[in-house]
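Down below are the structures I want you to see.
Both complexes shown next keep chain A, but they swap its partner, so chain B is in the first and chain C is in the second.
Moving on to the complex of A and B:
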């Protein structure tokens, strides 16, 4: 039986004036109507609007269209929208092709004639390509409700409790021999002086006692296999004593929340601060210990008359880290308050670059610090202070030499105790976690979210979420918010029970595969398994992101990218190179 | 060479009235709104910073505090309630104590009790001295001429002595100001002839207080009240000093009224009275003018003495002309008991600005031209002055 002739509907969006001011949309529609198989071609002000979508759906039903081309913005923006319009009309959603005539045409060109011709060529390519589209079906897999949480700090515990309270089993893996993370090292928090111990202790008790949480102390994740909904994780106890403990424990989970936190910058890397050489130059965490013990004093046991707090140690300069660690400014102000209230005779100098008081209550806190007569001295980020020992005639232990920006003077600040506000750094073993869970890190080692604004806790690996200071430096409220967000994202998936997997992925034709395994190492998502028995490679569709690397790499041409087949791409190229004509219409007055 | 920061120095200035300077975060709004700040004299911002950092020597050699007339706009604009206007005022008080070699000013500014006790002591000593003098040489029933209780020729000598002491300390202070600002604080050469070229600044600024009138007035009124009141007060004050130092004999003699002289006396008295009433009213009612929000204890001492002087002067004048000679003599003693501490206090109080301010403006103009000359020598294109 001869296949009936395909009927294509072409829709050209004006995008208000975004497209129409550069591209003659009407001319593109007229041109599209002349292309083979095109049944109708229309323009509309906003194709993505409800009336626009309804128009497409109605056209499909009325004219019995079986393929659709939308020439509008980037498919990143609205492919989902138009796919749903197709579904509404009862058409397979993969029978859609978008021609990007906004980002790749009207926004980047000025010449109306050339831009219109380019839009025509792009539409021609889309028409040729959509003819080769195949109806594809999405798959769904079961979601295992158990969750693996890596890291037992405030973020990990918060996420674990949120998930466990909702009735799901959580495996909480902590590298250290105790829960609490970095906050356990802190005395009071800024700006409201909540005790860090109070913040933690209730959570720690609940985490340990929760029937739905299994805590693994002194343990690490050593392997993660499978895909979203059905991961298998191996948890290895470090320096386990018994033979039983030495064996890695394997657990089945559906999602992973990574909350591994940060480590503090090593202050001895900044040579002119004399950390490690001058006994009374200490880090913020060392001061926290003093505050915990209730005594701020020098190594010689004297109460300091002059205390200097140096900001941005390791942060905000080209030599170490260019980013801001976000919590140090308020912590420094907290120190100034605490030192001054413990000893009103003491003078606190706060040596800073900028005062970053962005959070709730922070600006007021800064104001209070000024009121308490903290001396704020500004230095240049590329011209750091130098700390050295004072002379025998000076009334202080050390002198901090610096070019003070607000006065323009080269000054020396007296100090008996210097506190270095050490910044946050990605943990040394964060690349191991990234490798095991198949997520990415930025140049500073922080884990990368799948969208910095709209997807702050998701990663490019489905089922793996990140929260807290392993993503970037942040304070406790932001960390807790992210932990709860990650838990909420996971709970939403668990409550759905199943997970939809996009039908666009790579497939190996096992008859053609030679078992060379080139694709195995190329795949950036570790989505290709090798079947040792058959000696053939196999794509785990749930993990595949359809990037096409394996398709291009396969020397036997055995891998097909669904929805990105050679025929489809070649047809599109051919369409783009077809001859287009356009002459601007005469001005009608 | 690095300058040592002194985080504790802010406490010293606290006593002089700079209670809020620590709030300043150097946004510079104050200098933007100031009618007098420019590229060379960057106040109040710069002075605020030097004070926060305790750069004592920089402050001591600076003239900036004297260029401020405390219109109060900076304090109104300040987003952090750091009160730059009051800080500049406090720095003027502090500078007065720095120019003063005796240390008396420092005592007065730092302790209200000491100031009150000193003033009372001088008043009592004056009273005792004048009473004994009156009894020993004359009669309480005679006001002038032969056998007068306090003969005008004696009063003239007495006034000149007290006034001389006052002026001696004032000019010693002015000399110290010159040394600090023009010798210790100058890193560039100052040509000697500039001192002559700019000499007109002293009488000009003293008489007109032109810069005070330039302080903007929020556009509320063309008539700038604080300037007008200050002008009235300062004129009355100066006329009075000239009258008692030079013309006290014909003024006191009586009983007839010497109109060509007395008219000045009456005008000056009216000026002083209005000034006193305005001063008290502004500080009690606390009007919109920021500059009256805070009052140092030494300010009150000045105005209380001035009120006593003015009122007792008026009463004494009336009593004398109406023939109550005994009462006139007693009132005169009371009048002088206030005049003496008031005059002697001058070099050690805020009111020494009578001399210091025109002098500072004179030195500042010399500095300005010296800086511009230097910039031209170094790089003709680097002249940034407006």
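Moving on to the complex of A and C:
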């Protein structure tokens, strides 16, 4: 056996000034160099940069290092980066430990002395821990090229076609009796007045006719088991008539794309807009229907003389949803334009909070629209307008009271038709989908990405991707981009044929397991099975997400969390509690 | 084979112990004659009239095998532990107290002062108006009298001296002792120093004949007398705390065979260092409630949890003692 060297390299990142402005990185490096087994300790401006990674790889080769500590940001951020630096140098990637001296230190402290001492303690813990690290090998499993796409809107169809065109079989599940989703309810789209039907129809036809796509209408996912590369999904037809239809169909798939979209905000929840009580207060979707039929008129069949469009209904407000629904501002401008072009005599007022025009071409669209003699009135988001019926002497149906912010005046405007720009919200059944596919939702019910910036379509469940407005409100171009991104992510994995599974998972030492079965129902991922014959529990490693629940539950220590063993954690604790000294250098001016 | 086998020299000592371990040695019954045929008992305070001075006079390494039972509670226990270490080739921590601290180790939930106050002043049957407490030294006309110093902490044998082997149990099963003794006198290959001997590597559940399912969820804990045990179902599944899942085999699940839940005297399995923490963690996992208030209510039924989970292992655990 090769002699154990245990030579550790410690790398302290300045993160520009993110770390260095609060933590004396040089002092941490000097301290690290005094720790047992530490062969060298260095600081660098950006350790995650290419030169930083190359420095680590070079050091490993030149100095024969066999363990590495990087004191930088959260391992969630850059553990993969530094693992690849280790691999580059031919070292097992699990011989790395990161000390988080940014999120857990420099970003949350102001006192330089205390923060530096804390950084030293964290580094000491990491050094002690890395000494207990074991070289681990990742596993690989076969990737089933079939894909389950949930949702038959623009996102779902786009993803399905992308995958199917590349030669993979797609099971597309849609809960309604037709494809098209929310866009099917729209007439023209902003800002270029493309017809929604045109955007959809070609896709719908191709989806239905594609030899690689099986569409399940009126259907729902009822069960998802297995793991990335090898899922089994149950698809259940709703209100199936025949016996055959009532039986859930089970399909084998390798990946899942969730494109379940949004639902519109229920406008009747905003009581003083009178939706549901005042007949001529309608939602944006109801106006779309009128525009489709080519007639914008009141319930009484009259051409409205005054139309008011109210923004942010259900959005950007503490009472309902604090977020912006992103598409309503431009849609509202589109309505103003359409109403004006149909009836130039009509007075259109646009009652808004802010005009959000961040998309491509949107600012130009806003500028053009504002020329169209629309009356823009700005209201405060915590001080909503009030809509009530007009008196017999007024020449309009309703009056809207607005505290206009720009003029500072209390204004009353007439309206025969009020259009409420209803925002987007998470679908009622989104928690069902989240539960079935083991993904998370934020406080508003939107599905959570595995990284909001760098992994916008991946989730924390491997093999489950999300795209479109089930993730957060967005417009059609962003939705399509995400659908294609999710498809691309899946295609990349299919083309590899195999999938690497992180070597960090729980495993049962069968020589020690006594078959007490305490762990059996603990696993949130159903990764534990009990072998009745051997009377032992077993962890299916590909299903395990390394959460550690079973490790904690196992009373005999038979279940080990790889890379998170008791010995590693205890060593880290011991390291953190070691005594550290730091005196601030005299101010240099 | 006329060649007479060399008899081994053997010692048995008790530190802070109840005497049960010594009785377990006596429990070999008629096999005691075989033991005596194979070993010379050179020191055994419970059975032989040998003195400490006799041990001190022995050359180093004179004794082949010493079974030290009992925890290290006072200066006398420590002194003899060190003396026997010096005089013995093989030193075995015999029984739960020397292995993990045992029942005397539960005194680590109190300080020395609290113990003295209770024992010498506060017990209902004590009248001690002069407030006399034991002193390590006391001068009388004839000279200075000495008493062992009572330590604040109860420690395990391994905390004080290097131990060759650990034989768990309260007391260790006599059959296991005979196996170990036979192995030593026949010169069988012994496991590496520091090993646990006379016990298995798995937890009690491996041998336990009670029916075990995955339905471990507990909504209420019961003490054994509160339920009519069906004699067949896993104790935990009946809401009765049982240390079996965290405890080594070696006793043939005797308590459970007697319809009493395991108390944990055989100590942790090889991959676990702190059976109390492991069992608490396991119990926390099986409580079938989600709301903090409901969980508290379930936990309220656990009488003396610290004493339960650490009944035999407090001095050897991570927490070691109550912080004063």
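By definition in this document, the second predicted complex is superposed on the first by the 415 of 589 C-alpha atoms of A that agree within 3 Å, B and C clash if a C-alpha of one lies under 4 Å from a C-alpha of the other, contacts with A are read in each partner's own complex, and residues count from 1 in each chain.
Rule of thumb we're sticking to: contacts are C-beta pairs under 8 Å (C-beta built on N, C-alpha and C of every residue); 3 or more make two chains touch, one makes a residue touch a chain.
Treat the numbers as computed from the prediction; the structure is a model and nothing was measured.
Trainee: Of the partners chain B and chain C, which touch A:522 in the superposed model: first, second, both, neither?
Mentor: second
Trainee: For A:530, is the partner it touches chain B (first), chain C (second), both, or none of the two (neither)?
Mentor: second
Trainee: Contacts for A:555 in the overlay, against chain B (first) and chain C (second): which applies, first, second, both or neither?
Mentor: Second partner only.
Trainee: Which partner does A:265 reach: the first (chain B), the second (chain C), both, or neither?
Mentor: neither
Trainee: Identify the partner contact of A:514: answer first if only chain B is touched, second if only chain C is, both if each is, neither if none is.
Mentor: second
Trainee: For A:582, decide between first (touching chain B), second (touching chain C), both and neither.
Mentor: Neither chain B nor chain C is touched by A:582.
Trainee: Would you sort A:401 into first (chain B), second (chain C), both or neither based on which partner it touches?
Mentor: first
Trainee: Where on chain A do the contacts from chain B and from chain C line up?
Mentor: In the superposed arrangement, which is not itself an observed complex, chain A uses no residue for both chain B and chain C.
Trainee: Would you mind writing out the residues of chain B in touch with chain A in their complex?
Mentor: 1-8, 10-11, 22-26, 46, 49-50, 52-53, 55, 58, 80
Trainee: Taking the touch rule as given, give the residues of chain C at its contact with chain A in the complex, in rising order.
Mentor: It comes out as residues 201-206, 212-217, 234, 236, 244-246, 249, 268-273, 275, 278-279, 281-282, 284-286.
Trainee: Which residues, counting only chain A, touch chain C once they are in their complex?
Mentor: 509, 511-522, 530, 535, 549, 552-558, 560, 566
Trainee: Using the touch definition up top, name the residues of chain A that touch chain B in the complex.
Mentor: Touching chain B from chain A are residues 306, 347-349, 355, 367, 370-378, 399, 401, 404, 406-407, 409-414.
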